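Data first, discussion second: the structure below is written as structure tokens.
Here the chain labels run A, B, C and D in written order, and each chain numbers its own residues starting at 1.
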């Protein structure tokens, strides 16, 4: 669902990925906003700021929420949280209502829910990355000893074996998995600052509530990062590396599949409406295009660092406009990689 | 529907636009692909390459098409045309089948349907641009004489009137409408090249068929442009100019709406979940973010010029990944502009 | 001189262009700032705001200027104009000093000098574009009838002739020349607004002075465009189209020059430090890289549209950071194109 | 020296940085290429592939090199290494000549020299980052308790103190220093692969030579990364984070310095040629523009991941076209930050 055209159904999943799209969909994201609100209520209770009875009433309302129009307030507010909080508090006792969201702000909810979303995306992506890595290693086991002409600067260089090129595919895929480990340290933290980032509300006990909420969500605490978007930009960077390596693989396949070069044999391939004899390596083409797309978005996402004053709606929206599309593009590219590698019948010179 | 998150419904239309999205949706785009196929069949008939009876059978099948899964073949082919053509020909006589698509290729269909789509997008965008232009002129009529401190390089410069700033908003909006006139000359042309761009199939009569098809579609003919994407990139450039001027307006509003500056008074504004007294100018924020988004995409779209050999699936996909999102972002920004300007209760110094 | 590394001399002119760089150099640009100041003085005189004697004294000082450190004031002011104006007025009579720059502002000087610079760049670029266009037509005359396998989506499609591909190179080169004609209408205008864009200083006669100054510079007048950067962004767009078509040509050459494809024969080519037998098509590689570079810069330049309030130092600097490098990259790519095409000994199949 | 205009001298160091530019200059970079060649010769000797006498002759020639035209071969070869190696070998005995570069390739030399350059850039950048960090902490010590209105979404939110905003400046600066530590692990490794990346030449002893050369250069060894550009792209990402935080600071200063807001008092500031009363915060403007510049370049640099086959001249050049300019822009922004913070006479409300 990278845009209305690519998500139209006309292209099936050529440039999109249903699984990743679902992570950013209303159901999953609302679930994570509710998880934040429940954790926050638990934090308020643990800090002695609301009674167990009020907390129970609030948690019950949060668990029962099933808003059919979660974005109803966004036309007015630019984000769904005020309307969501109002809906949750609807009909509660005064104490129950106060046990919801008190001391938190919309950005706390959305940023923390986004962290949970990106962690889910990272897990899915890593799993598929491992799969592709294993497939490449499988190719190397099967075809690694076949002759392949090493090519540098688009020119034949020296005789080599398929293993040389396949190692260059496999190694960065493995490295990206390692990098994700480091990245999680930056990313897997709540964003809780309250109205302006002082993390003191309510009643000067905000830090305690935040610590409890973080624990309830299974996230680290760390300092307030409302205006420091390094972790978000860092996640985009990781996606750009992943998509980039897949794009390199796609590019190599396109070059190997040329008539006259014939260093790869693929089963299947896209049909042509004008030339029935053709089998277009359309998955490899998509991998290249998606890599350029993800890489280029990073150039915009990086500008989200210019997050003015305590909290910026403008810079924030740049994250929403880029990260979900980048993640989905990575997912689409991984799917193409899985199929493409599974369709390899030979790499290297024919017998 | 700029991506799965912004299109989730959680944000309503904060970063998306239903009308523009619909132009890129399956129904509208399939309708335009069918329009191409019908025009092509008429061209084949006019060139004497198929009989009137076969053409009638083909046109009837095209008119009756109501595929429920238009993207069914895209997983295999990377685009929906081969499956669409097969579905259209299904059950026809041999002559009827031959009266459909013969001599055309998938890229002819998609590029020409995209031209029709972009012309529809341009018309919608121009209409709303005119509306916003008129609204700005309305503001100038009402508030133009009010005092306003001119500011240069983010510093107060000299006393002026609101008219100075409002003229700087209005003028480029008008110019962009003029620019669209020139742009249409580049854009409103069929792309018809056949399998490899020679425009000769079938039976050496491709040029005649193409001319007839262009006339039937109300488009210019011009030379084959399958590997020259200047017109597509030019349309993106125009969108970047439009979004850019709107972003400038949004940025100015954000700066004028600051407490301490108070050069604008707006009714409405977004509510805060933590600070009920706040009225956030969320529409103006979106206009800035959307302008940066559209501008940045142009940096990727421009790379679609690197369209290798006769036709490139890779460079082509870059257009699909950018243009629809750019157009939709422009639409969203125009809607914010309409509302924002309508909400202005004062520009310039208070009484 | 796209950056300190590419301009180090280590790469000679592989990624730079001395002629275009010189247009943006201190000597040429200072010359154009002085041309503005002289035209402004003439305008002041024509409007009767300064005496012929004072104007003559001023013009004589402007003509005599040979500042050795033109950027001396930029560390303080962020631009060289205040220091330049102070230097010009140094030692003049009060009337002579008043006949220099009075009523103009730094942005008027720099924007107008930049317009003159871009027009010079456009003329150079167009001339070389014509040359490359003629060279491509020359190739078509020599080799157009040779067999060449048309390739679509990186796969062999159908037999064709070299003329098919060469036409796809030539046509957009010609179109870009035509587009430049339209572009000049937008670009070839002075920017004169005075301190805040009202174009009234001095003494309410600013419009007259501006008209005279424009005429003296051979530029159109048009409205104040200090905060509307459409023409600047439009010039960048044109550069991106030019570089893009050259990049497409480079990409095609790289693909044709592959061993196994052998559809082009080039004399010369870059040597390898490890493999003496290799002849790398390094010019074609540069053309691809430079096209991606120019295209990507356009994504940043487009954001210069977000020019806040009356005049923005921030958005303005984005133009300075992109346009000169884009122009120089185009120049470098044109030089590679000239040499590359001159080195073609065959396009299409060997005998 | 981000381009011919910004490096013209007209802008002094407004958008450039002499220290960083020098690291990418011919003298420094040639020195590092020579360091590689000397380390390689030592590796050849340690591996017993050349005699101590031949190695001594080679090292002596390398030490004596003082090429006046280091780029002389780049017009032909696209890079300076073949000409450099030829110059080094000039006049040596056959054994001495063989003790230079044998088994290495141009990319080994340039990539490893670039690593050494980026490490020097990182050290300079980190030192200045620490300095700016300390300055911000100094501001906090002096002004942290002053009242400052917290602002969210460009609207006044709640009363706070200057410390809140200054913490949000300081924290990411500190984090970026920590991130650099991790980054060095990825970056501080030789690139040695030989002609095609097998690291076996000469005589199957390439791995030994490489290990010795790495040790001689004080770099890690690690696997061949000729076609995996993750470390280069990762360095660009770090620069984008650094520039981004500085841009955020610049943006905040611009907003605080507005008349009507008056939350900061600066000494100095840029003069205006039209309005002598103005003091433009031109350094803060540059910090914003440079952050957008560096961020946007990352969108192109990320595409260097698409490094086709064994070694790509095209993708490689994208690194040369971006990284040096990004590093220099960071340096310029750090210099502005140093001066800007030093010029702060008050942050927060006046007495």
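Definition applied: a residue touches a chain if its C-beta (ideal position, glycine included) is under 8 Å from a C-beta of that chain, and two chains touch if they have at least 3 such contacts.
This one's a predicted model, so the numbers in the text were calculated from it and none came from an experiment.
Any chain touching chain B that also touches chain C appears here: A, D.
Comparing chain pairs A-C and A-B, the larger number of C-beta contacts belongs to A-B.
Computed centre separation for the pair chain A/chain C is 39 angstrom, with centres defined by C-alpha atoms. Taking each chain's centre as the mean of its C-alpha atoms, chain A lies 27 Å from chain B.
Contact of a single residue of chain D with at least two other chains is seen at positions 151-154, 157-158, 195, 254-255, 270, 272, 275, 280, 282, 285, 288, 292, 296-297, 299-300, 303, 312-314. Interface of chain D with chain A (complex): residues 150-154, 157-158, 160, 164-165, 168, 171-172, 175-176, 179, 182, 195-198, 223-230, 233-234, 237, 240-241, 243-245, 247-248, 251-252, 255, 288, 291-292, 294-300, 302-314.
Within the complex formed with chain B, the chain D residues making contact are 149, 151-158, 254-255, 257-262, 270, 272, 275, 278-282, 284-285, 296, 299-300.
If you check the complex, the residues on chain A that touch chain B are 1-15, 20-22, 24-26, 29-30, 69-82, 85, 101, 103-106, 109, 194-195, 201, 254, 268, 270-275, 280, 282-283, 285-286, 288-290, 292-293, 296-297, 299-300, 303, 312-315, 317-318, 320-325, 328-329.
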